[in-house]
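Several structures are given next for inspection.
Two complexes come next, and they have one chain in common, chain A, joined by chain B in the first and chain C in the second.
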Partner chain A sequence: MTTRVGRTLDGIFSWTGRLVVGLSVAFMAIPALFIMVLSFSNDRHIGFPPETWGLDRYVEVLTSRTWLDPIVLSLEIAALTALFALILVVPAVLGMKRGNLPGGTVLESAAVAPMLFPIAAYAVGLYAVFAEADLLGTFHGIVIAHVVHAVPMVVIVLSTALDRVRPELELAAMTMGASRARAWIGITLRLLTPAVFGAATLAFVTSFDEAVFITFLGGPGLVTLPKSIFDSVQYGVDPSITAVATILMVVTAVLMLGATRMRKDVR
Partner chain B sequence: MTSVAAASATLQDTAVALHVRSIRKSFGNQEVLRGIDLDVQRGEFLTLLGPSGSGKTTLLRIIAGFESPDSGEMKLQGRDISRLSPAERGLGMVFQQYALFPHLTVAENVGYGLRMRRWESGPLRARVEHMLEIVGLPHLAGRKPRQLSGGQQQRVALARALAYEPELLLMDEPLGALDKNLRLQMEEELRRVHRELGTTVVYVTHDQEEALALSDRIAVMADGRLVGLDTPTALYQRPTTAFVAKFFANANLVPATATATAGAGRAEITAGESRFTVDSELRGDVVLAVRPRSLRTGEQPGGLVLGGTVVDSLLLGDDRQVRVDVAGIGAIVARIDAAQPGEFEPGSPLTLSVAVRDVTVLAP
Partner chain C sequence: MSVPTHQAPKRAGRTRERGTWTPQLSRRAGILLVTPLVLAVLLLVVYPILKLLYDSLTVGAGPGNYVDAVSSGAIRRAFVHTLLTSAAVTALSVGIGASLAWTLRRARHRVATALIWAAVLLPFWMGVVVKNYAFALLFAREGLVNEVLLGLGLVDRPVQLLYTTTAVIVGMTYTMIPYAVLALYPSMSAVDLELMNAADGLGASRRRTFTSILLPLVMPGFIAAAAIVFAISIGFYVTPVLLGGAQAPFIATVIGDDIFTFFDYPRAAAASVLLLAIALLAIGAALKAVGLKAIRGGLG
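Here is the complex of A and B:
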């Protein structure tokens, strides 16, 4: 009797689970698919279903300066963000994990702390600081904000990866005649390479997608791709945004998938 | 005359592969090594044996160059190595968790030390093949470490550490991660490789059976000091301290008193009801070391007799291990023939005895 009730309950739960997961996937994927379909229309206004099909919107995006300039700016900021985040975090993580640093674990949690702040509240705080330091509306100001935002993720990815590289590997290389630097670069850093690429990708993508800091701190002169999409939606709808959004989604998805794949390879 | 003395000194020096003098090391205010003196002969298999926290691994890491001692000196084949980096010492090392490089193949792992020594690719490949044959894994050269079993990985680690013919091979509990059957098999393998290559080995373990099976000599460590250094047989049969007797041979320690009534070099021993004379210079409070296997059931005239009640009895195949509580002495463990008749249920009275020649008198 009780087993039958149990089995019925199991069935109900498992079907509810499937329904919830299915609905959330649909909820996320359908608007995205909708935009993708619309991006291949040549209509003058956005409308569903499209009356004409073609690649006009992609041609528009990749030739007009209204879209190309923000794309290039976003790519520059994202690349610099990834680079500086790595330059900061790689030595820091090695120091925290391998250097017998007193308070290393405290430092590690502190490095992850920015993740806990609501991003809008944090942006307000940064606004005050940037106003004081004359960084509002500057290129390097935005890079600094994005680096701060990316650091926790990079710390998490790299420190978990380093936990899987046993310290004895370096010692073994050293007994076999490798100098400390050679053991470090040839073994530890070599084994961390996939994680470094993964972390860089994450930093790149978060910066490339970032719309809050740029709204608060960018001012009128600095228009990144997310900002430009936002503006375009606000002041009359340019149908090209469907193509822009599609490009953004595909590039981000490919990069994230690549990063995940690389991290799996180390295991 | 002087030249002969000098010559014999050099001769002695060359027979010593590793010379360690007065090594001390503290971590914070914890003194881990309290002055270690040790000479390892060339070609010798020497084991550092001790419980965890005895300092054996720290000593090994100091020899390897991973830690620097607070004071003391170290020479390898007469060359002062105490200030050299691990790479400059030219040692081989095998770690408990294998420490193979996961991104390199078995062959590349074995060839790592040779590449660091800038070997040409021809001789390098030949040596790697030779080393893999010695450890019996030539067919696995192209595999990655994660595709190998634990025993195979440790054999690769051994081949890798020996490939460049180091003057000294250090091994840090290399069999600790393997299960018992594999461990016995690897012990045989290690003995064979040591016989074939004649490398000087310093081996760290906390397992006395492993130490017995492998070593030419065993250095027993306790609390940062060397408390015994001898061949396995001598340490086992004639321990010189109570700690060595207890830790190394699992001996029972029976408190007793020694008096001089029997004359110079002889002592009369009183332990409980027993009284007998042995060769010993010790006087006053002593302990008698008695190995579990030298105990018999029943009384033997003239020996040490221990009467008590059985606490626990364990059948171990050919042997039976009996734990007996003896009034005024404590728990005594005996290993007797399992075929021997008798009542071994907990609570039954049991008398054990041991011949005088199997009793070792030691300072408490």
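Here is the complex of A and C:
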């Protein structure tokens, strides 16, 4: 008897499970598909399903300064963010993992910690420091804030990747006459290259998508793409956002998939 | 016999003499390499937090800033609203995330696995503002959700969905599900599926297998995921503004208004410190329960 009850319960369990998973996948997919479909509409107002189809919204995005200027600004900031995050983290991870320093774990935890800070509180802390250093509303200030924002992920990716590069390989190179620099450049860094690219991509995407620091620290003069979309959604809806969003989504997806693939290449 | 004993010390001596045959760096070189990051962390992580704490106790009304913050009805309401909403978001995203992560763990079909991974990672690819925009359109009075509800005859006139707590919970859960899945997946992929087969073979029901085998194994992952999701959720700014509207603001919005509208930085600093303390409490409790490795593993 207990087995029959158990079996019925098992059946209910397994079917609710499948239902939950199916609904969850639908829930995750619908907003993205919805935006994509709307971006190919030529209707003057947003309505679903669209009555006319076309590429008007894409043409508008790629020709109007209201969208191009923020896109260019965001690209600049994101590229610099990725570069500086790598300059800070690549040597540090090598030093932490190969240097046998006391407090390596402490440094890694401290560098990763901002990921778990409520971003609004952290933004206020940075706001106070930036006010002191006259960095509020400046391009440099935003790049610095974005670097801080990107560093945790770069540390995680690179430190995980370096854990998989065995020091014995460097040792082998050195016993065969390579200098340490040669061993690092020829073996370690070459093996790390995919992870470095992956980390740079993550840093780039993190910065390109950042909307809170720019609101607290950017002032009125710096309008990045997320800020521009944010303002536009808040104060009236411009249908061309759907096209911007679709471009953003596809580019981010391609970059992130590339980054994930590269991370997996480190063996 | 005498030859090897003669040679061995000689070789060892030569290694030590050159001193380069070790993957281990000299301490000085190691310190040199980590210095830039150490400085950056001190200047941009440690200093801002300390300054926030110091300012909240010294500028304006001094320690009275906290009295100010706590006695303000707006801030109290915002705190309660933020914490309750974030708790709901945490429960939902960890729950949904667990079912997705477990499906990914068990899945054998490659295309299905790829599709589920894509669905899970979509919120990451969509961008912070874009996904909230999508929900704002879906939840609008003439939006798709209302159309479907009307079409199914579940309601007879459009219901107010946008600018409600429900909308905020849905939007935030959507954002946090990938974090939950990524935090849960490592502990789930470490589960040996043979254990479940063994339990099954020994006559345990699925429910029994679940509660006695699976649950204890994945519990650390659950705790890490919940702490991570909760700590990130309570700082949300964009979603509550775009989907929640003005009547029930999150604490982040109130802090922002304090700085930019009321120019009351001292009170904003005190509220920020309280917010940070709650996040650290959540993370600290999780650290105590499951340790640094589980939390770190949950971050990727």
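The rule is short, and it goes like this: the second predicted complex is superposed on the first by the 256 of 267 C-alpha atoms of A that agree within 3 Å, B and C clash if a C-alpha of one lies under 4 Å from a C-alpha of the other, contacts with A are read in each partner's own complex, and residues count from 1 in each chain.
Keep this in mind: a residue touches a chain if its C-beta (ideal position, glycine included) is under 8 Å from a C-beta of that chain, and two chains touch if they have at least 3 such contacts.
Please read these numbers as outputs of a predicted model, since none were measured by experiment.
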Partner chain in contact with A:Arg180 - chain B first, chain C second, else both or neither: both
Contacts of A:Ile71 with chain B and chain C, given as first, second, both or neither: neither
Partner chain(s) touched by A:Glu168 [first = chain B, second = chain C, both, neither]: both
Residue contacts with chain A in the superposition, chain B compared against chain C: C
Chain B versus chain C as contact partner of A:Ala199, first or second or both or neither: neither
First, second, both or neither for A:Pro118, with chain B first and chain C second: second
First, second, both or neither for A:Ile46, with chain B first and chain C second: second
First (chain B), second (chain C), both or neither touched by A:Arg190: first
Intersection of the chain A residues that touch chain B with those that touch chain C: 168, 171, 174-175, 179-180
In the complex with chain C, residue positions of chain A that touch it: 3, 6-7, 9-10, 13-14, 17, 20-21, 24-25, 27-32, 34-35, 38, 46-48, 87-89, 91-92, 94-96, 98-101, 105, 107, 109-122, 124-129, 132, 144, 147-148, 151-153, 156-157, 160, 167-168, 170-171, 174-175, 179-180, 209-212, 215-216, 226, 229-230, 233-234, 237, 241, 244-245, 248-249, 252-253, 256
Residues of chain A that touch chain B when the two form their complex: 166, 168-169, 171-180, 182, 187, 190-191
Residues of chain B that touch chain A when the two form their complex: 64-66, 85-87, 89-93, 95, 97, 99, 101-103, 112-113, 116-117, 160-161, 164, 170
Chain A contact footprint on chain C (complex, rising order): 20-27, 29-34, 36-38, 40-41, 44-49, 51-52, 55, 96, 99-100, 103, 115-116, 119-138, 142-144, 147, 174, 177, 205-208, 210, 228, 231-232, 234-238, 241-242, 251-252, 255-256, 259, 265, 268-269, 272-273, 275-276, 278-279, 283, 292, 296, 299-300
